[in-house]
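My questions will all concern the structure given below.
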């Protein structure tokens, strides 16, 4: 705890604890709990058995009942610790009738004891219920959803990077009539969300035969004005002399684009790529509209469908939520620096 | 990671190289101007088909009726859809409106926007101020607040649904401190509050980050000068920090407004609009009317989305205006 | 190989005329320097020769062939940019190879050419580095190397020395001249620095406001400037230019001393005299009060003002021991005088061996 206190240092230095230091300390501490707590709780819960999930109040860690193979019985028997007039000991339950359980000592399986259930409690151990994770892959369409999500994310990001960077190149390095008009349109639509054009967009997608197709999810999202805007701002900082030098060097315009401008735009492309991955992976409303058949669901739509079932199987749902979260957490852990720099620099989201 | 990168890049490089002779011919034929067109066309074509044309078509849809999807099969009704949306016997009582769901969504969204944006901005500002102090491991703290921003709204919704469950950990905690468990998502007011809280949780880090960037742009010597003058901290905040942060703050407020008006994903997964219609928001209304309900009414959905779009356009114009003003100020400095 | 001819080149951006009809011949193997104040159009002219900009009218001929409508890549020229424009993401070797690869030259040939250029410019140890890891002078060499490997018909250099510090600039100046001697190729060098122009050029093209003011060899330019602008621009410190009036065979400085110069037509004119062409002379016609002395050791630059208020600048040899506030008299050799008419054009003195006959006062 002293370490944690030392963690929060003070602007003004010195030993005096200002009230602002107290607020800082409390704020960051509360932040730690509120931000990471729910995610951690999700992960812990996802390893619980259905019985463990149904418990209230819940245990922090996932437990499962200990069992033992007892001679003469086909199935492993659950273990209980019994405390009565004969002392404390561990017994396995054979069957239960009313408030009385028939139990055996695993060491001495021949003799059956009758024990009042009030005197015993189940023996448990911390255990991870991996079947929560395996079953959705093996028994449900979860694998398909994951594949669809990966496909949408990768393809949409590649197309976004290509088309946005080409447009940004044209808009930053060429003079032509109508350039300003294009720029105005792009800036004006920066904030127009898909949710405003759902109906006509869906009719266009349907007319193109892309309803219930992953391409119907991908295409409307790739021509992001945000991406064009971001890349153009970056390309404007590339000196024109470089392009002229390349022209003198017999480079074609296409070569200038992919051998000079693209490599030099790499930092901005990386930021856009990361954002695009996160955006497309997390997209929900539009896929929810376009994809109505389970075999084309993305993870987000699939999760929502599971969560909307009458009888929600939380143990599977929580595990699938964790899996859906993993790529984003990886992005967060490894690329967080790029993203925060990107946002601070451009106000992009 | 790098191997995977190379595996993606290598075929692209090969394709780019293979394209070059063709494009050289094209360049010879059209000149530099033609090449500009070539670079612009893919993006603008996709943009035109999937953004610009729908924007225009939306107006046409809003003036038609029927359940048919394609425009040519729909009947023109002029402003009837708008009339239906706006038709109320008594504007102070939602139950007298023809489309009471629409007005419920409008009221809910209005209330949501007001409360959520206010709280969000206050909390984000405090967080940014705290992150701007000389903290040890500041980048960790900054990253921590940013973590939920990346999570998918569906995941966020599910995480909190699990926590706010009747048998969830929050109720267990209440029980632990001797209070009665609460039915968070089945109580109208609590569900609404939960929607606000969860969306703040999910977006706080983004706004805190922008505000932090604004704070860090304030020259340090101003604070030092104030300290030399013996200015009290509260005065420093109100006379130096706040005025200099104001341009950023305004942009952030408008940005938050724009996003709050469209609230959907997290809230939908969390509450499904319920209980009843307690958390039915505009985007969900459009989605339900246009796609999810048994009696789809695309025309009505289009009309509603144009009304919502109008609000967003106004907010966007304000934002662009603010941006331009900040730019000018920056130049003056 | 390598003669360049410009025929009536004009360039306008909207209603702004940047170049107003340029005619110029640059001979094969010549090092021509375009010099002029900033905004005179010298860089625009170079870019037009390079093919990076199109003239509004006029023709450009290289080796007698009209290339006005030929693209930059196909004119066979190489350019060194002011910022060097090295591709920052490529190594020095890749920078030099890029242009050659684009012409589908065999790998072996590319390697030989790079090796040769690298040896000539002594940048062999740098070939694997990127431009960001090089000093200014090294970047400069690489930029030149990138031009050399192309074996161009002519080299175009756009203020290539302006980003270097003073010391490096002097040594690179000498190196560029030496390189020109070794390659024997046509070079066009653009600069705003007249010292650079004087020291490097075979011929100097002085430009002002989109027009050629004078084209000549450096010393000819110095000795016989064609007009008032060139007179003031070439030579450091600048030539003294005094407004004066010619009246009945005498030239009278405005409210100052007069000089008998028979044969000069009456009217206003400008009298020019280089600061270096004055000497201390108790009998001299010019009286001035010293305002400042810059003692440089080998010479002293004297800033003064004549009683009538006209400023005067003199460069006196050695350390004459003058102080601020002193009044001195200066003399000069009248053959060193330059005369410019009311339009600023050079006037040849009517007879070269006129006698100096200055009198103090009017």
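Should a chain be cited, it is by its letter among A, B and C, assigned in written order, with residues numbered from 1 in that chain.
Here, a contact is a pair of C-beta atoms (placed from the backbone, for glycine too) under 8 Å apart; a residue touches a chain by one contact, two chains touch by 3 or more.
As the structure is a computational prediction, the values presented were derived from the model and not from experiment.
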{"item": "Geometric centre: closest chain by C-alpha means", "value": "B"}
{"item": "Two chains sharing the most contacts, counting C-beta pairs only", "value": "A-B"}
{"item": "CA centroid of chain B to CA centroid of chain C, Å", "value": "60"}
{"item": "Rounded Å distance, chain A centre to chain C centre (Cα mean)", "value": "66"}
{"item": "Chain centre separation (chain A, chain B; CA means) in Å", "value": "19"}
{"item": "Per-residue overlap in chain A, given as positions that touch at least 2 other chains", "value": "252, 255"}
{"item": "Junction residues of chain B - those touching two or more other chains", "value": "none"}
{"item": "Touch list for chain B against partner chain A, complex", "value": "8, 16, 19-20, 23-24, 27, 32-33, 35-37, 39-40, 42-44, 46-47, 49-55, 57-58, 60-61, 69-71, 126-127, 130, 133-137, 139, 141-155, 157-163, 167-169, 171-172, 175-176, 201, 206, 209-210, 212-213, 233, 251, 255, 258, 262, 264-265, 269, 272, 283, 286-287, 290-291, 298, 301-302, 305-306, 308-309, 312-313, 315-316, 319-320"}
{"item": "Residues of chain A defined as touching chain C within the complex", "value": "239, 241-242, 244-252, 255, 259-260, 263-264, 266"}
{"item": "Sites on chain C touched by chain A in the complex", "value": "47, 50-52, 71-73, 77-79, 81-83, 85-89, 98-99, 102-103, 146, 150"}
{"item": "In the complex, chain A residues that touch chain B", "value": "6-11, 20, 23-24, 27-28, 31-32, 34-36, 38-39, 41-42, 45, 54, 56-58, 158, 162-164, 166-167, 169-171, 174, 176, 182, 185, 187-193, 195-204, 206-207, 219-220, 222-223, 225, 228, 252-255, 257-258, 278, 281-282, 284-285, 288-289, 300, 303-304, 307-308, 314, 317-318, 321, 324-325, 328-329, 331-332, 336-337, 339-340, 343-345, 347, 349"}
